[in-house]
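Below are structures written as structure tokens.
There are two complexes below, and they share chain A, which is joined by chain B in the first and by chain C in the second.
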Partner chain A sequence: MKTITKEVLQDAANRLLFTMSDEQYDTLMGEFKILTKQMAIIGEIPDLGNYEPMTFPFDCTTSYLREDVPVAPLTREEALKNAGNKQDGQIKLPKVVG
Partner chain B sequence: MDMLDLSLAELHQALVEKKTTPLELTKEAIARAKANSDNAFEYINEEGALAFAATLTEPEADNPLWGIPYVAKDNFSTKGIPTTASSNILNGYVPVFDATVIQKLKDAKAVMIAKATMDELAMGGTGTTGHLGITYNPYDPSHQHEIGGSSCGSAVSVADGIVPFALGSDTGDSVRKPASFAGLVGTKPTWGRISRYGLFPFAPSLDHVGYFTRDVYSAAVLLDVLAGRDENDSTSSTRPVEKYESKMNEPIAGKKIAVIQEIYDSLADETLLKAFNHSLDVLKEQGAIIDFVSMDSTLLESLYPTYMVISCAEATSNDANLDGIKFGPYRGGKTYQEVMFNARNEGFSELIKRRFVIGSYCLMRENQEELFLRAQRNRAKIVESVNAILKDHDAIYLAAAPSVAPRFDQSSDRLSDEYLMADNHLCLGNFAGLPSITLPLGFENGLPLGVNFMTGAFQETLLFQLAAAFERASGLAELSVRNPKEGNL
Partner chain C sequence: MNFEAVIGLEIHVQQKTKSKMFSSAPNGFSRDPNTQVAPLDMAFPGTMPVVNKQAVINAIRVANALHMTIDHTLYFDRKNYFYSDLPKGFQITQQARPIGKNGYVYVEVPGGKKRIGIERIHMEEDTCKQEHFMDYTLMDYNRAGVPLCEIVSLPEISNGTEAREYAEAIRNIVVYTGTSDGKMEEGSLRCDTNVSIRPYGQKEFGTKVEIKNINSFKNIELAIDYEIARQSRLLLSGEKVRQETRRWDEGSGKTVLMRVKTDAVDYKYFCEPNIPPIHLSDDFVQNAIDTCPELYDAKKERYLAMGLSRSDAEIILSDPKMAAYFEAGVPFVQNAKDLANYLIVEVNTYLNKEGVAIQDFALSPKTLGEIITGQEKDGLSHKQCVDILNYVLANSVSPKEAKEALHIVAQVSDSNVILKFVTDVLDQNPKSIADYKAGNQRVLGFLVGQVMKASHGKVNPAEVSKTLQEEIKKR
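== the complex of A and B ==
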């Protein structure tokens, strides 16, 4: 397991696409001190290798073919409602290539 | 006592007999919402609610929600109404569709008067982390006590008598814990019983739609309306919907109720213990069989870290779309990475960033087996233990929290059994996806205490039967700040 250092946490924040202040990292390091002790409790539990990782409380298999029913899509006005920058009925983006 | 302080059943009767109208009720609910000083609302839907209520002129005798005002947590998608999940990353976002539960309530002609504050993105249990600041407990006018979270504003709405019910969401205990701190009935049905289409995901393997009411009957009839298969949510159950209130008046004699000894032993609050013990005697008097059962204490101590690892890891992945491009205000940048950095830097509070880093750390390749997958294996073992208890018992019954609502300046020893077990056991219902209900038990220094029942999967009718029997004994149905009661326990 990776040792928890400020650099490791900075790397995680960088992958998550945000930054944090030195003070915030100090708080997080303090939080990890307790969390690591709490997480160690899971390590004390025997026979976990006999259990499959549980991803959902119970199986819920959905298998059907939807009827091909025509539905009205969003109108242009609705689709553009949350766009911050728009022009001529389209979303306007900053130039990112060339 | 005003019309709005009547029970849902009485209110329905008054509407059917035209003693009041949806418009009058909506006006009164909005007036109460505006007068509330607990920071419970993101948005008051005054114009929309009044316009909708004005269209409701012919009462529907067989529709208990007709014309009833309600509040929704701000993580339900509401068409044309701003929805932020109390996070700056979603400021200005106006959904173009309704969540299935919002649509169902609209179809039932219930009137949504407001969107409620919450812990940011539902990731918190204190009601202190939303972008509008702290939400307060209406039982403490001095504003020194939490109401809990993450569904804090929804809890205030019902506890302060603003509406008879409010929607929330529950990933660890986010409806059932604040219900305990606010003297309310807080319900989380079986995972998959209510569609989550349009509920902003936090940790989908644990997320549930839940709700607050002031009595068990309202909780049962609400589930009648909200439950059911939804083809927009592939995890919603195809099981038929029941009449969940159908056994509420049946006796509970012979029902086997388990109390987990280790969680009971971790309680330290004497007033709570006294009231809880009294409630056990009362349940016995009604013919219920109370069994103290044992569950491995290390397994119980591992509930909270298991929850933290799984929920933070799932959240880290889920919220990757909040990036200033797909969702969130555009804050500029020369490259798309810079655009995302700027949006996420300014959009997320410190707490959310910390939770994401914890999730990311647990998901790192070197840590995944030892942290994330081990937590998921441990979840399987926890669920096996809970289901083993419920194989021989109708329900598990426990104090919902170790005390009344904590003060904001109060901190607990996060390595103690009281914290790890008594304060965090409600997530058992999320791990196993089991139906679970919190009910008011009594008071300590004017603040409410609560208990919780949990039954097997899809046994909501049984859950409401047990809860109704408890409620008759407690005498605390219809409790609110405006309708104070002492109770019998």
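== the complex of A and C ==
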């Protein structure tokens, strides 16, 4: 398993375009320590590789598919209600590509 | 050193369902921004995805047309990435269990056909449309959640022409299964290509370059051939090919660097927990296949059997609406080839001139058939029928009324009548006879014209030409 270090978290934060304080890194490191410990306990169970992934541990298979019938969408006002910055009926964001 | 190219294509096809992949918002093209949006498409909390039945049926039909193994249980995954075109922070896709696997398609190559393997087809949702300006970006979520099929070929394509043929074959399948409009110019079919080259005989693949932003089938061919030449030049001059993403710049006819790939993006795929596994019964899958509209290749074979040339069949089939018109008109003509000729030449010319699509063409297939049978059965010339067609279109009258208004009468093929006109014209033009005998073949055209003039266009010009040549010999 990948070791979670401050450098790994800094790299992730950098890629996600936000900065964190040293205190926040310490909090996150503490949380990852607990998580890593729990994963290690699970990792000690023998023959784990021979089990199917338990993505859906209980059978919840369905055959339901939605009919292709459109319903009235949100009004533009409703759709954009939470947007901080709007222009010409669209959400306006800072440009992040070159 | 000679190189061989190894090319793989990833084609995204926008499905023309009525609603979106996982929400019930309408799937509309070119509407006002942010008016075709359901709460799910904007990732409002508490919303849950529900799979669109028609999108599944379409994917099954395309998978079957591509000879694929169809998975009877649907699983979806989350592809995680942080970007504003996807407000959920992930795209719902089928990473682990695509609906179709291990298919193939045949493409025409010089000297025969080549089988190109297809790794997978999976369903996913489209992202929102972004419009970039100098220092800001505008976001329209109408496209967010539109159903997509992604079709991934094996790296078995060897050059630009094969890649274009492959993409056109996929286009034909998605169009004629009714899955998509398949229009590259409008973005309903998008093609990313991976191109690498290696010395002939080498087993290992070369460094892969991805080309994006290709907006037409012709440009697939041009972009790939340019890229093969560019990579060859680099290797021959001792340089290395970098792993990078490039885009096709149509204006300069070159691929242009977008970004160098430093490491593979890790999308942290995991199973979409909000969509349980969905079992597709054998009956459901079979019914989707059985009710699939007739495919392009089957139609083409049928058109060839009707007597159309390969190129005429391809022109008619290049627009499914034109193909539908053609098929509706076939019962009203004696020879399907005549109808195809009229559609390809006269009707297409009219449509282009007027800026009208075939589905908005004023003439019904039956009326056009009636005009064409004038040539087939009633002894009218091609020109006379075209005159009737143009008159009908210009004046919104019936072919019969147009014929009367234009004083059109059937051509005469009676050899005695023709002989009389020919004899008169030859008697009046002794110099032309001498010229023709001296080797001036063009005089024949003049003489035919004189006969047509004298007869007011009532005689059959082919018969006139034949009779003229026979009569000149006798003089």
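The criterion applied here is as follows: the second predicted complex is superposed on the first by the 53 of 98 C-alpha atoms of A that agree within 3 Å, B and C clash if a C-alpha of one lies under 4 Å from a C-alpha of the other, contacts with A are read in each partner's own complex, and residues count from 1 in each chain.
Convention: contacts are C-beta pairs under 8 Å (C-beta built on N, C-alpha and C of every residue); 3 or more make two chains touch, one makes a residue touch a chain.
It should be emphasised that the depicted structure is a prediction, and the values quoted were computed from it without experimental measurement.
Trainee: For A:I34 in the superposed arrangement: first (chain B), second (chain C), both or neither?
Mentor: In the superposition, A:I34 contacts chain B only.
Trainee: Which holds for A:G43: it touches chain B only (first), chain C only (second), both, or neither?
Mentor: Touch partner of A:G43: chain B, not chain C.
Trainee: Pick one for A:L16: touches chain B only (first), chain C only (second), both, or neither.
Mentor: both
Trainee: I'd like to know which partner A:D26 touches here: chain B for first, chain C for second, both or neither.
Mentor: A:D26: touches no partner chain.
Trainee: After lining up the shared chain so the two structures overlap, which partner does A:G89 touch, if you call chain B first and chain C second: first, second, both or neither?
Mentor: A:G89: touches chain C, not chain B.
Trainee: So, A:E7: does it touch chain B (first), chain C (second), both, or neither?
Mentor: neither
Trainee: Decide which partner touches more residues of chain A, taking chain B and chain C as the two options.
Mentor: Touched residues of chain A are more numerous for B.
Trainee: Have a look at where A:F56 lands relative to chain B and chain C in the superposition and call it first, second, both or neither.
Mentor: In the superposition, A:F56 touches chain B and chain C alike.
Trainee: Same chain A residues contacting chain B and chain C, which ones?
Mentor: Dual-contact residues (chain A): 15-17, 53, 55-56, 60, 62, 66, 74, 79, 94, 96.
Trainee: Under the definition above, what is the set of chain A residues touching chain B in their complex?
Mentor: Those residues of chain A that touch chain B are 1-2, 4, 8-9, 12-13, 15-20, 24, 27-28, 31-32, 34-35, 37-39, 41-45, 47-49, 51-58, 60, 62, 66, 74, 78-79, 81-82, 84-85, 94, 96.
Trainee: Contact residues on chain B for chain A in the complex?
Mentor: Spelled out, the residues of chain B in touch with chain A are 92-94, 96, 191-192, 205, 231, 234-235, 237, 296, 298-299, 301-302, 304-306, 308-309, 316, 323, 329-330, 335-337, 339-341, 344-345, 348, 350, 353-354, 356-358, 360-361, 364, 366-367, 370-371, 373-381, 383-384, 414-415, 420, 430-434, 457.
Trainee: Quick check: in the complex, which residue numbers of chain C touch chain A?
Mentor: Its residues touching chain A are 17-19, 24-27, 32-39, 42, 50-56, 73, 82, 84, 131-141, 271, 273, 276-281, 284.
Trainee: In the complex of these two chains, what residues of chain A are touching chain C?
Mentor: 15-17, 53, 55-56, 60-71, 73-76, 79-80, 87-97
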